[in-house]
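In what comes next, chain A is part of two complexes: it sits with chain B in the first one and with chain C in the second one.
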Partner chain A sequence: MSSVWMPCGDYHQSYAEDHGWWQTRFIKFKMLLLLAVIFVIIPQFLSGYVMSVASMVGYTAMGALGVQLLIGYTGLVTLGHAAFIAVGAYTSTLLVLQFPWPQWIMDAGLAYPISVLVAGVFGGIWSVLFGLPSAKVKGFYLILTTMAAQFITVDFILTQYVSRIGGRGQAFSLPPGTIKVGPWVIDSEREVYYLMAVILTLMVIVLANLLRSRVGRAWVAIRDNDIAAETLGINIVWYKLLAFFVAGFFAGVAGGFWVSNTAALSPEHFPWFWSLWLVGVILIGGVGSIHGAIFGSFFMVVIMELLQVGVIPLADYFPKLLMSFASLKEMAFGLAICAFLIYEPNGLAYRWWQAKNYFNLWPFSY
Partner chain B sequence: MSSTRIEITKDLTIPKLFVRQCKKFGKNKVAMREKEFGIWRPYTWQDYYDNVKYLSLGMVSLGLKRGDKVAMIGDNRPEGLWAEMAALCAGGIGVWLFQDCMMDEVKYIIDHSDTKIFVGETQEEVDKALAIKDQCPKLEWVLWDDPKGMRNYDQDFLLSLKEVQARGRELDAKEPGLFEKMVEEGDGEDICLLFYTSGTTALPKGALLTHYNMLTMGRNLLDVDPCYETDDFVSYLPFAWIGEQMMSISCGLQVGYTLNFPEEPDTAQENIREIGPHVMFAPPRLYEGMTRSVQVKYIDSTWTKRRVYEFATKIGYKVANLKFEKQPVPWYLKILHWLAYITMQKKLKDHLGMSRLRQCYTGGAAMGPDHFRFFHALGVNLKQIYGQTEIAGISIVHRSGDVKFDTVGTPIPQTEVKITEEGEIISRSPSVFKGYYKNDEATRKTLVDGWLYSGDRGFIDEDGHLVVFDRSKDVMTLSDGRPFSPQYLETRLKFSPFIQEAWVIGDKREYVTAVMCIDYAVVGKWADDKKLNYTSYPELSQKPEVYDLVQKQIEEANKDLPGPAKIRKFVNLYKVFDADDEELTRTSKLRRAFVEKRYKEIVDGLYGDTDVVHMDTTITYEDGREQRIKTDLRIQEIKV
Partner chain C sequence: MKKRIFLGFLVPMVAVAFLAGFSTAALAAKIKIGGIMDTTGATSDVGKDYAIGMEEAWKYINEQGGINGKKVKYTWFDYGYRIPEAITKYKLLKRLRSIVIMGWGTGDTEALSPTVNKDKIPYVSASYSAHLTDPKKTRYNLFFSSDYSTNARAALTAWLDKKWPTKPDYGKRKPRFACAYMFASPYCSAPIKAIKDHAAMLGFEIGPDQDVSLFALDTKSQIMALKEFKPDVVWHGNTTMSVAATMRDAYALGLGADFIINNWGFDENLPRLAGEAADNLVVMGATPCAFFGQNYKNMDIVVRTAKKYNPGIPTSKRLIRTIQAWGDALITWEALKRADKAGDLSGPGIMTKGFETMRKFDIGLGASPITFTATDHRPTTGCLIQEWKNGKFVEVERVDLKKRWPAKWAKEWLGW
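The block that comes next holds the complex of A and B.
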């Protein structure tokens, strides 16, 4: 059965149609409108500040999509996702800065795009490495191995060794003009926003396509009951590692994108808190839904921005507030998670579904 | 959209038309779809043709001769229709049985019709056939199409449809062209269907219908309401009901629209919504069911949604009433109507699967004016149909834009309808049947000089519309000597979502009374909301609160009735009337004479001084088990 609400008179004669994109005219219209908003209205009519916030939402969503895939679709709880983003970010930066690219690639502006792809592959491989224990362990033990990924990668390897490459000390910075895709130099909020929009759209397409294929069904089967999945003939180790690879790939690409946003890089960008944050994003957005990852990112980033806007006028009276904004942020994060777990454990995606149902069932309630 | 009108000549048969349409549409058009495993599997006209051809030849190889009977039973599915068409192509005669027929009905029909081949669907139907095989010496073969549960059946006369088709292929290889020859041999005046009418009084009678009967009836209906080959139709009512034959074969084949078969009978309503048919024909109980579900959902809806619903229905009723009276709709009402359409009606029609509906028909029994108005208020072009099996389906229908909810419309082309001096409705058309099978006496009574005597009382009103009063024997005489139709009262009562069935009594009595059957689901939910405890239907029906609820519904229906016709006393029955207890016909008509005998104590109680009736009866379950019931029923009086 098709998963979307079909109006009367729309039906499917094959499974291909049944799993198709944009099954009704209304959905087609809605999605085209959404694309128009993302690619035309926001970049053309809104301020740089809004775009930078939107880029932050996109970056969070890129990470959250990977976490969603692992936790929400395959049931592998991970608390080390920031490590894979970091691997991607460092891979991309080092490739751009240190790799002896042939001149024609530099001229064509392909160094950065290639480095982002390689970052994805590296992130994926690194993720699979730490996903290997998932063949044997589940639950809390798997959480521990993913946390190990965080500390081994960021706090040990990156901080102690990788960030010293080139003798630059702790932080890398990318000179202006090094980040370009073909002739397109990414040097302003608008360019970063466009890059984010393209990457995020591609990621959503890839993930949504994977989820409606055999691979996606295998993941969901493993999540729901791994033993039953295995009896159905699913090679669960292979599919779990594939989930780790895809999530790691997304993380690596996200890391590659992050570089374009900051033009600088340091291990502090990828604290363990960020891994936790991404899990919080999908809890708030809704576990097991692509919408959820995006809604959650939107909610978290926008709430934090509003918090900042709210705190600034208060700073005159309580000067310490600005100083301890980080802890305020953590408090708000904790509060939001608690509130969602109590009042809406199914997340924002469920609310969205309810809102759609309210109108789909009109004028009745069921 | 295109509609090619097919001329019906005397030598045209259903198989000839079938072959012609298959050649015309071939692989490019979907002939039927069946919902299976979540999707609507299409079968093209070429698939349809191949399946029918080999099935037909297979039946011939099993010894089917021209004029032999093939009985079919099962849910609506492509295989059922293929079997029917295959039998017709081989010159056989199709006999359909209701899916839920009890054993003795099956036995009677199989035996009486001299059936040679029995086509069942699953193990269930095969078991029925096996049980009666010894008592029906003419039955030679039993075929089935669903292998579930059939592994351990090894009788020689059992064959799957696949095996029959394989035999058909062998025969085709041996004698190519045989199928086409068989089809060519047919003549329009040959009998094609033997239709057993359910009969409210006696044993079923087998009506003999010819190809010409069926095709002319379809042609004449299509002349009134054209259909197009791009249309969709959902076939979910039993093929043993003439209405379904008329839509699927008589009209369907001529137009070439796509037939859609639901996944299961239980999912029919949902499947209709998915397909969104362009034309629909169903007995009133289905429309009543829809109205009831809408009313119940409305009660359970939220405040905002209820207000919108109320606004839209109010406007809808206003506009519908103006249309019934053939008055122009003022401009401000048109705007409000548009508003009602976009805020509610469009969506509600979508829920009911009526979004694409051009016209829909109801027939087979009387439909209450309230239900009728309800659908018109929604903007659904619902029309009444009147006819009998004996006239191949229908003779009278409403015309679009000329619908009156208390009439059944005007005759279709080539059809004459008259009222005899006694007030009986008689009709004549090319579709009038040939007679009853092995029952000359009944034929003589029903067919006089080519006129079909319906046994219904009615009159023709000033606009030339036929008004059907009731079955002649059911018309009541009130205390003041006025004739009155109990069916009219019952349909009014059934407009309440809480009432599933009603039986109104009062012929030549001092006052009118009613036996009510509550709707278990709806009243049950109502009781849950009121925190009333109950464990079963009998208990729930006897609750004083439920009696008061039912009384309110009756008072509502009593409102616009003349004094003597008002219901004075009623009783809640401990069960719902059921066809398995022979209280209803298979098409859900109340068998008055039977219930009057069966519930004699209740009738006596209603017209006596007592206020409690002691009941001691047995009820029959669908699997044939019986249970004895002892209970007390309370009689409640209504002040009028």
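The block that comes next holds the complex of A and C.
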């Protein structure tokens, strides 16, 4: 088998080969190029605004990866993911602001990274709590139990109790210089972008690795037919809860990252609409694909921004456009989901797969 | 064929529009002002009129020659009261080189405050949170109105001065006071600590808070809970729609309390939405400026401009929100003129040579004279309290907190 190009056919001789990360030198080159674009070209050559939009894409993708794991890989429909992000954001913020860290940890800039990890664990545990009903119910009923996470967590616990810690009313504000990773203070678009890029890359690697392991195969088996999976000896309750934990962990880390982007926090940052938005992201990007979560995030954030920017010069000639665009944008979100469900139910990831296949076989695609 | 039309026409058009929109060179000749508004989100019941008023104000300013002869390019976006979107919109406006940004809600203004400070871009918001008034913490945040905490203290003081003595229990017991507001909303919760502090200082008995969503249409459970405490006066910290819902339920269930309301819940729509509850309850509110069309200096300009640029909206439907937008636009105009005259339109220049040179600056429109200093961004020292009585808004009292409690005003009440 060529070590440079993908063969026109499937010639893998082992399971390990089938799931290898670097199947050819071309793939290795392609991935290194992608990493160079993400870690060198974007931060070095593009403006702060582009980086802030990229950070929003990353934040959306972090949440969407968890939703993708639950809905796309395990078949557990969730509409409460914003609550787990909120748990992570509040855990991280409270730890940074209130926890009596030893001075050497503060000096070494470890308080924030540790708080983000703890936020992930808390997000995971909280997610498992609301995932417990998945042992008994699924489908429509599970949607309702996950929605309860939003109302219980954000509207009740965070709003009524957690937000009041410190006596500042409902919002926390982190003083400048509080968010540090080692010697780096995270206080500009570039640093936030780098933080996002590192966290998202790690998340994708972790999820991709989990999915090609026994755990990932168990999740997919449960999604495809949970009764059949159980007869094969898979402990479906355990694996469902594990999926909730991992999705919640990702959400918690996303919340911890979000704090670095805003340096302020209130329950308003985590409306129920955000959970719905994340489901829309994976529907448009493609259900059951890591690429789908990334493409969907890119589509939902960047396309909306481009449309908004495109309206600016037109507003000189059509002044009402700025006002009308606000509601048009909401409509565009709904229409995009409808259009994708009808015309491209496999999402953008499927288009990507088609394009890749075309070039794999090119010029002998027949 | 359809694909060809799409690729051949639509895509290039969008690309050109995008490039033109993104090109800062295209805007090079004008002074750029940005705007982040809510016309579709949770506070759009008051935000839409504010956004329209703000656009009209900048058009008027351009008619008058702009900033010392330099025209203004005002570009604004709706963010639907979604904070993540407010942050990207802010970054976009920064990319478009806006030298001042006209902002909206407390949540996003407070969330953006550290960034605004770092970027040194003056941010004139429709949020009047007192947390934005201490220049030591929020150097670049400004607004023209009395802050929410001043509103709350003033409204409670006016009620104690004018309404409590008319009650049968006056002199027999302490007056009872409670708060209704959306706990999760930074706007609604911003003045709660201050009003409770004030209530304790004035000798009120304070009851349990009630959580009322900004979207609330039914508040009977909150009213039933309040009935157990039997408050004499209730502070409502929400926007008009949910304030009206609370008043209707309070009237229907016979709560028997008066209402004092923060400025974003007290406008021309309140009596329309609350119906007979507004006519039969004592309803007082903090008003940072006059209502639309009231007879005050410069009001004729606002009304004329509204008719000129939005003839499709009857003036009878316009709100105090338009006037509030003008208030923020007018102080920004003045600050930019002063800074430009001093030859410094940088962020720090606009602050030190513009805003912070204002001493009792009068914008008319029924607003109090405005003062900003390098150490205190509370624009006014008190607030006009009005009430809805006999089918119209009438003045109850103009409370000047600085005059009544000078030591506390100077040493204790800044920044919360």
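Just so we're on the same page, the second predicted complex is superposed on the first by the 329 of 366 C-alpha atoms of A that agree within 3 Å, B and C clash if a C-alpha of one lies under 4 Å from a C-alpha of the other, contacts with A are read in each partner's own complex, and residues count from 1 in each chain.
Rule of thumb we're sticking to: a contact is a pair of C-beta atoms (placed from the backbone, for glycine too) under 8 Å apart; a residue touches a chain by one contact, two chains touch by 3 or more.
None of these values were measured; they are calculated from a predicted model.
When the shared chain is aligned, no partner comes close enough to touch A:201: not chain B, not chain C. By the touch criterion defined above, A:15 reaches chain B but does not reach chain C. When the two structures are aligned on the shared chain, A:346 is found in touch with neither chain B nor chain C. In the superposition on chain A, A:363 makes contact with chain B only, while chain C stays out of contact range.
By the touch criterion stated above, A:268 is placed in contact with chain C alone, chain B being left untouched.
Measured by the number of chain A residues touched, the leading partner among chain B and chain C is C. Taken together, the two complexes place no residue of chain A in contact with both chain B and chain C.
The touching residues of chain C, counted against chain A in their complex, run 14, 17-18, 20-22, 26, 39-40, 51-52, 55, 75-78, 80-84, 87-89, 91-92, 94-96, 106-107, 110-115, 117-118, 131, 183-186, 189-190, 192-193, 211. Considering their complex, residues 30, 33, 38-42, 232, 273-276, 297-298, 300-302, 305-306, 308-309, 312, 344, 347-351, 353-356 of chain B touch chain A. Every residue of chain A that touches chain B in the complex is listed here, in rising order: 1, 6-15, 17-18, 362-366. Within the complex formed with chain C, the residues of chain A that make contact are 47-49, 52-53, 56, 59, 154-155, 158-160, 163, 167, 169-171, 173-176, 187-189, 261-269, 271, 273-274, 301, 305-306, 308-315, 319, 322-323, 325-327, 329-330.
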